[in-house]
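Chain nomenclature is as follows: A, B, C and D, assigned in order of appearance, with residue numbering initiated at 1 for each chain independently.
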Amino acid sequence: MDYQQILERIYQSILPYAKEGKQADYIPELAKVNPDQFGMSIHTIYGEEASIEQADTRFSIQSISKVFALAMCLSIKGDDLWLKVGKEPSGSSFNSLIQLEVENGIPRNPFLNAGAIVMADILYSHLENPEDDFLAFVRAVSGNETICYNQNVAMSERENGYLNAAIANLLKYHGTIENDIESVLHFYFMMCSIEMSCRELSLAFLAFANHRRKFNYAGIELTASQVKRMNAIMQTCGFYDEAGEFAYLVGLPGKSGVGGGIAAIYPLQYSVAVWSPRLNPKGNSVMGIKALELLTTETKESIF
Amino acid sequence: MDYQQILERIYQSILPYAKEGKQADYIPELAKVNPDQFGMSIHTIYGEEASIEQADTRFSIQSISKVFALAMCLSIKGDDLWLKVGKEPSGSSFNSLIQLEVENGIPRNPFLNAGAIVMADILYSHLENPEDDFLAFVRAVSGNETICYNQNVAMSERENGYLNAAIANLLKYHGTIENDIESVLHFYFMMCSIEMSCRELSLAFLAFANHRRKFNYAGIELTASQVKRMNAIMQTCGFYDEAGEFAYLVGLPGKSGVGGGIAAIYPLQYSVAVWSPRLNPKGNSVMGIKALELLTTETKESIF
Amino acid sequence: MDYQQILERIYQSILPYAKEGKQADYIPELAKVNPDQFGMSIHTIYGEEASIEQADTRFSIQSISKVFALAMCLSIKGDDLWLKVGKEPSGSSFNSLIQLEVENGIPRNPFLNAGAIVMADILYSHLENPEDDFLAFVRAVSGNETICYNQNVAMSERENGYLNAAIANLLKYHGTIENDIESVLHFYFMMCSIEMSCRELSLAFLAFANHRRKFNYAGIELTASQVKRMNAIMQTCGFYDEAGEFAYLVGLPGKSGVGGGIAAIYPLQYSVAVWSPRLNPKGNSVMGIKALELLTTETKESIF
Amino acid sequence: MDYQQILERIYQSILPYAKEGKQADYIPELAKVNPDQFGMSIHTIYGEEASIEQADTRFSIQSISKVFALAMCLSIKGDDLWLKVGKEPSGSSFNSLIQLEVENGIPRNPFLNAGAIVMADILYSHLENPEDDFLAFVRAVSGNETICYNQNVAMSERENGYLNAAIANLLKYHGTIENDIESVLHFYFMMCSIEMSCRELSLAFLAFANHRRKFNYAGIELTASQVKRMNAIMQTCGFYDEAGEFAYLVGLPGKSGVGGGIAAIYPLQYSVAVWSPRLNPKGNSVMGIKALELLTTETKESIF
């Protein structure tokens, strides 16, 4: 398969959607990004690679960082992780407090903000230097030592993050998190602020695409079964309340972020990352979803 | 792979769970079934087959019939179906009225009772002889002309089906269904009452396991893409509010019913059906889920 | 106090609101009523009386009938009534199914539709001839033998009453009602269909305004304490989710109906009824609420 | 009426309930209070007074302070207050976040924690020295210059007040409060920490019992109509989700607090305060509610 050609064909097909949607603007730093950008990168488990357009421009990966956090938590806690967070799709908006209150402070899944705050708390308790250790893992899994946090984005989120602060306080009230709220939130926002390009993100996700290869990066180890189960969670919970739509249209496990990035994998075949800042009303990149839909249609490959 | 041997090994491993759980007893006809039964059957797309224990005993397929209804609705209405029913996981119990009220009478997905009642209404409007035509399709897709409704089960459900009647009335109030409530409910309960064995169910689901083969049974045609998308919906919505757990443990698209049956597929490989009446608190067969978990573990094959 | 003069002054003051709001049109029979009508009538416990405009035109009392049903249920069951229905304000729309589902089939209060359907079920079980006995009580308490049901309104409601049918089915599912659903709904809609004029309604409510007078009508007896407690329930639950607003603006216990009627009382002073079909978005008569607000302002009398 | 004798008779009657219920223990300072205390005090608008038992022991008035906050907010903002907070009973637990989220950050009424935090924010914006000015008003209305905050209680609440912090963050997210969250919460907890005896509380509430007397204390003025409307809000919203039950049993406007105090009024007759730390499951004083129920039964006086 000529992935370079496929990606270029896809790009031509989605150009009509280039002005659809609106970039995230709830924090000033994200609102500053030029919305008219697009990048895409793919890596097969056999070493092939293809990239188009701004595949090397770094962007704020935001919620995609939750996948890295989950890998670390699963490695550290094993299935005990599921005592503090569920693994069911939420069926409602990604930041809903209602579900959390009804279900007594146990977030429905690790990719909701509430679930990720619980993971931040767990990592904060178990890592010696939470920020350094998390970054070290992300750098190792993507094989790139230049990946960094963006302090401005993190600060900007914290200052306006009243909803996440409400969630953290509710989690603390229910006893689900154990550390100081400010520290947990700071760490959570730092994780979200990591900047990567499509090429870097695709390479990092290659580690999840091949459960037959040993998963061991910066001391974070996962079994083959754990890698497959992470994919299952990405499949059912990775796209806010559009997980069903994404499964229906695209059919690949993955994770999106409000920065406009999406990373996905086709197990035992490839990983792919796409980025474009304009979002649909559910918070997922308009061009990103279109591009992935065309990718599985063109290649006639999806997990189903 | 020697599936016969694998199935027999699985059976030995799950015997310790043989008395766990409780069969459905909300209608007298289901309560009468001997709970200490188990059957399992598998069919590969290459023609292999294996079956163990009571694989030929027929049972009430109940909600598994929703998969057949969805195939018919998709064939008849195409993507217009999604104007009347969503495709997102529900994140709450399978018969919850709350979601329906909050979301103005559009069921979250076709596998909730509310969603299936909407499908029953659509089929009732479009089929000349709804009951005959539905049965004809199920018989054709499973290649077995002896499959039948169980009128006693259907009557028994209707008589006690206050919750489903509440749902149907709410759907009518919101204008989502157009036919007479009694007729729609009667047809819905008839569909649920179909009886099939594991061997028959597995054979029927083989049609969904291979999107490369033409799907055309009793005049119901689906494209390759539609078959794959049905699998996506089974993956995200097929197991009530345990869809995430099932994806995590098993990793196959499928559908369960309160009669204790589960049918699942591994795309381009095999279909499988398992049955045992004792249910866990979420309404899924205890031994059935264990058996499928072991199947993907033993074969090291799952979609992830 | 010259009530005749007060009422006439009130009428002049509220004329500017004569075209505000929209009459109920969810059933054809209510939609046929000329919306530009207004009547008001007041009776003191000392025998004074005043009436203006269409005070003698009969209208559909609808939910105001729930007060009569409550009087009968309290007389028959005493405080055991509260095992099947609560007495807290609902804090949400008058026909919400959500609360009912969350609270396991026990309606929050007797003036919600769900609560009134439970009362209809109780009366249906305890009265020899439910329809005759209910009408006999209403005639006795208002001292008028010509008051009647309107069969057309009742039939028309039943035919379109999918939401109430959903509620009744949910109540039956939870075991809160014991009789056949159709019979209970028919009786419920009959009660709502009673037609009375402002003068008749005001006279009937005089019985609740004076707990020092013996309450005994057509065999329905209430103690002084029970009469006062009925007033308390009217105060906290009588105006759908506008109970707080009504208490704030008017400060009298009362009950409204979607036919545009409102009956209220000032304990140990007077009863009052007002009618005008145009409703505000919460389902209460626009001119009716204005008129009562002015009445307590003009007389400087309210319970607070 | 010999109120002294009535109060003593009441006390004898409620002694059997002296060990029922459990005092609030969610903050250490409240858990330290000896639960086996009881006090009661009544003041008529004609100058009569009666007090029994520990009527002069000060306790933490907690949510009763919300009545004083409402008086100040109404005086300062008039009906504009209702742009930021509703006046409907909540129909759910006093600290529920669900309602707040569903209703876009506008608390249902001023006596919910969320509503009181909004009032704290308003006062914080409008008062020159919020803590001094609030205390000055409470001292003036109760005619007692020795009333004070309890800093320990306030600190203790803040340290454990994760739920209130969640609420404040959610209010800030929705733009309902404008000041710094920490400052608003500190002021809110200070208000709750005020300590008064039954005698002092009863005297303070006398100001609300008589709308014919000028309401003007420490510069806080209310019209007769505003005083009556405050009573209406106490009636419909003063007892968490037991407002209907209290209206039914007692029939007086009032406000309770988790410190075990209840203050109530009978308009144009008397004010009354009662205190006993043991609470029922809804958070209201067991002996307190019994005492008030007996008071209105014995005197045959209630607003209904």
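Here, a contact is a pair of C-beta atoms (placed from the backbone, for glycine too) under 8 Å apart; a residue touches a chain by one contact, two chains touch by 3 or more.
Just so we're clear, the structure is a prediction, and the values are computed from it rather than from any experiment.
Peer 1: When the C-alpha atoms of chain A and chain C are each averaged to a single point, how far apart are the two points in Å?
Peer 2: Comparing mean C-alpha positions, chain C is 55 Å from chain A.
Peer 1: Approximately how many whole Å separate the CA-defined centres of chain B and chain C?
Peer 2: 48
Peer 1: Just curious, how far off is chain B from chain A if you go by their C-alpha centres, in Å?
Peer 2: Averaging C-alpha atoms per chain gives centres 32 Å apart.
Peer 1: If I count partner chains per residue in chain C, which residues reach a count of at least 2?
Peer 2: In chain C, no residue touches two or more other chains.
Peer 1: Based on the touch definition given at the start, go ahead and assign the chain network to line, ring, star, complete or other.
Peer 2: Per interface graph, the chains form a ring.
Peer 1: Applying that definition of touch, give me each pair of chains that meets it.
Peer 2: Pairs of chains that touch one another: A-B, A-D, B-C, C-D.
Peer 1: Per the contact definition, I'd like the list of chain D residues that touch chain A in the complex.
Peer 2: 96-98, 101-102, 162-163, 165-167, 169-170, 172-173, 181
Peer 1: Within the complex, which stretch of chain B touches chain A?
Peer 2: It is residues 86-92, 99, 108-109, 211, 224-225, 228-229, 231-233, 235-237, 241-245, 247-248, 251, 253, 267, 297, 300, 302-304 of chain B that touch chain A.
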